[in-house]
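The first chain written gets the first letter, and so on, giving A, B, C and D; residue counts start at 1 in each chain.
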Amino acid sequence: MTALDFSTTLGNAWFPAPTFTASGCASSGRELSQFFDLSDIGGVVTKSVMMKARTGRPTPRMAETPSGMLNSIGLQGPGIDAFIAKDIPFLIEQRSRIIVSIAGETVEEYSTLARKLRSVSGISAIEVNISCPNVENRGLVFACDPEASKRVIDGVRRTIGGELPIIAKLSPDVTDLPSIARGVVDAGADALALINTVLGMVINVDTMRPHLGGKTGGLSGPAIRPIAVRAIYQVHAAMPQVPILGMGGVTSGKDALEMIAAGASGISIGTASFGNPTAIMSIQNELKELLVTKGFTSMRQAIGFAHRPEEV
Amino acid sequence: MTALDFSTTLGNAWFPAPTFTASGCASSGRELSQFFDLSDIGGVVTKSVMMKARTGRPTPRMAETPSGMLNSIGLQGPGIDAFIAKDIPFLIEQRSRIIVSIAGETVEEYSTLARKLRSVSGISAIEVNISCPNVENRGLVFACDPEASKRVIDGVRRTIGGELPIIAKLSPDVTDLPSIARGVVDAGADALALINTVLGMVINVDTMRPHLGGKTGGLSGPAIRPIAVRAIYQVHAAMPQVPILGMGGVTSGKDALEMIAAGASGISIGTASFGNPTAIMSIQNELKELLVTKGFTSMRQAIGFAHRPEEV
Amino acid sequence: MALINKNASQILATVVSNKRVGQYHQLIINIGDLATVCKPGNFVAINVGGENSRMILRRAFAISRVSSSSTFGGTMELIVAPHGQGSKWLCAQNEGSVIDVIVPLGTAFGIPTEPVQVLLVGGGYGSAPLFGLAEVLNARGCRVDMLLGASTASKIYAPMEGKRSVNSLRIFTEDGSMGQSGRVTDPIRDLINDMNIAVIYSCGPMAMLSAIDAITRGTDVVHQCAVEESMACGIGICMTCVLPVSDTEGNITMQRSCIDGPVMDGAHVQWDKVGKTL
Amino acid sequence: MALINKNASQILATVVSNKRVGQYHQLIINIGDLATVCKPGNFVAINVGGENSRMILRRAFAISRVSSSSTFGGTMELIVAPHGQGSKWLCAQNEGSVIDVIVPLGTAFGIPTEPVQVLLVGGGYGSAPLFGLAEVLNARGCRVDMLLGASTASKIYAPMEGKRSVNSLRIFTEDGSMGQSGRVTDPIRDLINDMNIAVIYSCGPMAMLSAIDAITRGTDVVHQCAVEESMACGIGICMTCVLPVSDTEGNITMQRSCIDGPVMDGAHVQWDKVGKTL
C-alpha cells in the first residue's frame, strides 16, 4: 500500500485524519472511548454547549424514519463552566483533537461562550452551531436569518481573536444556502460545517398527534445524504477556497468520499455511530482504502474533485 | 363495516376519494390504466405540461438513494397542444377525474397555459407547478421567490376566472414555507400542493462526478416523508382553512393518514407507484380500513386532527 | 458511570434457537465468552432488518438469562414481543441466522450484600430479566418472591425452570385468564406490611414501575426498577432516552436510561415529570 | 404502444432454483400461466431487499427463457450478474424464496414472417434472452447464427442446451480465455458481406449495440437491439429511461426504453446523442 497522506486542515487547524464525530452524536467522547481510542480519529466535535445547564425537551425525543431518524433533544447539556471543568480535561487526557461546538440564544451569548473558551488550551477549533432559535427575534433560527448569522460569527470572531479557527455550522432549511455561507465567511468564519439536520415531523397514528415531545425534530441519517452532498457541492462551487466539514448520513467510506469529491475537507459522522459505535473507525479505514485504490496519494487531492471538468 | 365517506374537496372540486397520482409519476394515466381502473382513484394529476414539446435533461436521469430516489427529468413532455388533443380525451374516456399540472418559464407562459386550458371541459382543477426555473430572473426557481410565486398565481387566476380551482405546488427548499404559502393564497390559489421534491445530488464514486446528467435532482420517496409531514403541519397551522394536497414518500395507508392528520385534504402518490404500479389502490384500501378502525365516519373528520389539543 | 459499558463488544452472533412462547419468542443466541460478563439488568442492542435495512437504529432487549453450554459455549436468552418492524424481524430469525449485537450494555441490578428478603415484580416481557436475577439473589441466600402480571395469559412469561430460584410465584392477569384476576401491583402494599421486604426489583411498563414507586414511597423498601425509554443509540451518546431523576442534593436532571440505567432507583425517578418539560 | 404491458401482472413468485454459472446466477422462477404470455425480449421488474428494504425501486432483468414443466407449472429463467446491492440480494435468494415480480414488461423482439437468415449477437449476460429468441426463430425456419462476447470466459453465458436452436455459435473473449480472442463485433462486417443476413438481433452493453449500428448503417440489414438504460419504474410513467430516437419523419424524441423498448430499431436510436442534451 502506497503511503497516503490522510491529514486535513480546517482553517489553520491540522488534523491527522479527516473524520470527526458530529456534534450531539458523541456527547463529550467519554462513552465512545470505551469502543475505540479517541486519538485514532480526526477529532471529537463535542455536543453544542450553552451558557447554562439545560434539561432539554420532553420525551419522546426520537423517532426512526425510513433510512433516517428525527431527534428533538433541545440542547440538553451541563453548561459551559462544567463542560470546561470536566469534559475538556478528559479529552486532553485521551490525546483527542477537540472541536468545541457552541450554541446560544442571543448574539451576545455566543460571544460570551467564545470568551470562556479563548483561554482554554487544547482546543483545535470552535464550531458555531447557529441552528438555534434566536430569542431576540421571535425564535427565528439564526442560521435561517442571514443578518443574525453574520452577527453571531462576527461577535465570536472579535472575541476569540485571530488564532482559533471558527467553523460556522449551517442549516439546510434555507432558500439560498450559498448566500448565507458567504455572509458568515465575510463575517470571519474560517470554515463551514454542512449540514445540520433538516426540520421534520412524524405523527403517531395511534395517538394521531406529533410523536415527538417537541413536535418537530431534526432529520438525520442516510435519508438526507443527497441533500447534504448537494449543499456541500453548491457551497464549494460558490467558494472553493473555504474548507467544509461535511456531514449528513455518512455511513461508509464511499459516502465520505462522495462528500469529499463534492468539496468537503473533513467529514463528521453522527447518526451512524448510533447504529454502530465503531462506525467512525470503519469509515476511516474504508475511506483510506478507497483513496489508495483510486490512486490518490493524499486525501486533499480528492477535495472538490467532482467540480473538475470531465477529461475527454 | 360502517359506511365511510371517503370523498374530499380541493377548492370547489369534489373527488370521491382523497388519493391521487402525483404529477410526473403517472405520465398522463395511460400506462397505469393497464394496472387499475383510473376512475377508481381520486384522480390523475398529469405530468407538468409546458407550452412547447420538450426533450428534457440528459441521462442518467435517476439515482436510487437510501429509501428515496433522485430524478432529473427536466419536464420532458409533448407541449400543451398535443396534451390537450391526445391526453385529456383519453382520461375523459376512462372517466378519470383530471387535475392538470402546468409549468412555465415565465409568468406570462403560465397565464397562456391557463388560457389554453380554460375552454377544455372535463378538468377538475389546475395544479400550478412553480418549482421551475424562472428564465426572467437568473433561473431562480419561482417557488423560492415569494414575489414571482405570487405573480404566477395571480396571472393564472386572472386568466382562468373564478371557476376552476387552482392548486399551487410549492417547493420545500425555502426558509419560510408558510409565508410563501400565504402569498400564493392571497394571490388566488384555492389549495396548495405540498411538497415537491427536495434538491439533492449523488456523486458517482467511480467517475467521481455528479451521477445525474443534470447534476442535481429532486429527492422523493419515503426518505423525505418527515419533511413533507412537517411542511403540511406548518402550513395547515398557519392557514387551517386552505386545503392541502399532501405528498412526499407516501407508501401506505398509515403514511397517508399521517399527512391527513397533519392537515392534508388529499394525498398524491408518486414514487411509490414506481415500486408498485398498484400502490395507489392499496394505499386507498389501507387508508379506508384505518379510518374505519379508528371510528371515523368520514375522511374529512381526520383532516388536521394532529393540531387538536390533547384530551386529558 | 461513564465506563459502564467497558465490557461491551459488538459481535456477529448466531441464533441457536427461536421458540414461540405465548405471544413472545424465546431466542437463544450464542455470544461466547461475553456471557460471563453479562449481569442481570444488562441489555443488548441488535441491528434489525438485515444488510439493506431502512431501519438504521438498533433495538434494545433485556438479557433474560445467560448460560454456558458445552455445545454452544456461552449463550444468552431474550424474550421478544413481536411489536413493530424491528422486533418482528428479530422474531423471524431462525436457528443459524447471524445477527449483529452489542452486549452487555447498561447498569445492572444492584445485588444486596446481605441475604435479605426481596420481591421481584414483572409486567409482560418485563419478567424476562427477573429469572436470571432470581438465580443470583437465590445464590446470595435471599428469600425471593415473585409477582408476574400481564393483560392476558399469553402475555405472561414464566418458564418452568425459572421457578426453581423463587420461593413463591404469583401470577395476575387483568382478564383473569391465568392466575389471579387483577393487577400485579395490587398485593404489593400488603406484602410490604406482612413481610420484611428489603428490596423490590421491578421490570415492566412505566406505569407499573410508577405505581410501585407510589407504594414504596415513605417506606424503607428500596425499589430497583429497570426502565424502558425509546433509545436511539443505547450507549449514552444521543440523549434521547432520558428520564428526570433527582440526585442526592435533590437537583433534578435528565439522566440517560441506557447508561445511567436501565436499572434506576425508583425513588429518584420523577415519575410525574416523565415526558414533560422540566 | 401504451398498451404494451396489458399482459403484465404483479405476482409473488417462488424461486425454483438458483445456480452459479461462471460469474452469473441462473435463477428459475415459477410464474405460472404468465409464462405463456412472455415473449423473447420482454423483461421482468423485481422488488429487491425484502420487506424492510431501503431500496425502493425494482430492478429489471431480461427473461432468458420460459418453459412449462409438469412439476412447477410455468417458469422463467433469469441470468443475473451480482453487480450492486439489488442484484446481489437477488443472487442470494435460494430455492423456496418468494419474490415480488412484475412480468412480462416491454416491447419484445420483432419476429420475421419469412424464414430469413438472422444473426444474434450477445455481450455478457446480454446473451440470456437470445437463446429463447433463437428457439422462436428456429421454429420459424430461420437460419440462426450466434456470436457471443465478453471480457473473459467466466462472463460468457452459453448453456449447452441453448446451442440446439442455433446453426452456429462463435465465442469471443477480450482476454482470449475462451473462443476467439477479440470483440464480438469484429466478424460482423464480414458476415454481412458473406451471408444473406436480413436481421441482426443484439443484446449487451450500449457500446456494443452502437458498434453494431455503425456496421449495419447503410446496409439493408435490420438491427433489432435490446437497450439497457437505468429504469426507475419499468412501466413507462417516470421518464428516466429515455433514449434519443428518430421517428419516421426524422424528428428526434426521447423514447422510453422500458415501454417503447427495450427492443428498438438500432437505426432509429441516435447513438451519438445518448446521454447528451438534445
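Note that in this section contacts are C-beta pairs under 8 Å (C-beta built on N, C-alpha and C of every residue); 3 or more make two chains touch, one makes a residue touch a chain.
Predicted model, so just to flag it, every value in this text is computed and none were measured.
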Original post:
Using direct touches as single steps, what is the fewest number of steps from chain A over to chain B?
Top reply: 1
**OP:** Among all other chains, pick the one whose mean CA position is farthest from the mean CA position of chain A.
**Re:** D
Original post:
Between chain A and chain C, what is the gap in Å from one C-alpha centre to the other?
Top reply: 35
Subject >> Distance from the mean Cα position of chain D to that of chain C, given in whole angstrom >> reply: 56
Subject >> Approximate Å spacing (C-alpha centroids) for the pair chain A, chain D >> reply: 47
Original post:
So which stretches of chain B touch two or more other chains?
Top reply: 66-68, 221-222
**OP:** Would you mind listing the residues of chain D that make contact with two or more other chains?
**Re:** 54-55
Original post:
What topology does the chain touch graph have (line, ring, star, complete, other)?
Top reply: complete
Original post:
Within the complex, which stretch of chain C touches chain B?
Top reply: 54
Original post:
Contact residues on chain D for chain C in the complex?
Top reply: 48-55, 85, 89
Original post:
Contact residues on chain D for chain B in the complex?
Top reply: 2-3, 5-6, 8, 10, 47, 54-58, 102, 229-230, 232-244, 252-254, 259, 274-278
**OP:** Going by the contact rule at the top, pick out the chain B residues touching chain A in the complex.
**Re:** 63, 65-68, 70, 144, 173-176, 198-203, 205, 207-210, 215-217, 219, 221-227, 229-230, 233, 249, 254, 257-258, 261-262, 290, 294, 302, 305-306, 310
Original post:
Given the complex with chain D, which residues does chain B contribute to the contact?
Top reply: 24-27, 30-32, 34-35, 47, 53, 55-62, 64, 66-69, 71, 73, 76, 213, 221-222, 271-278
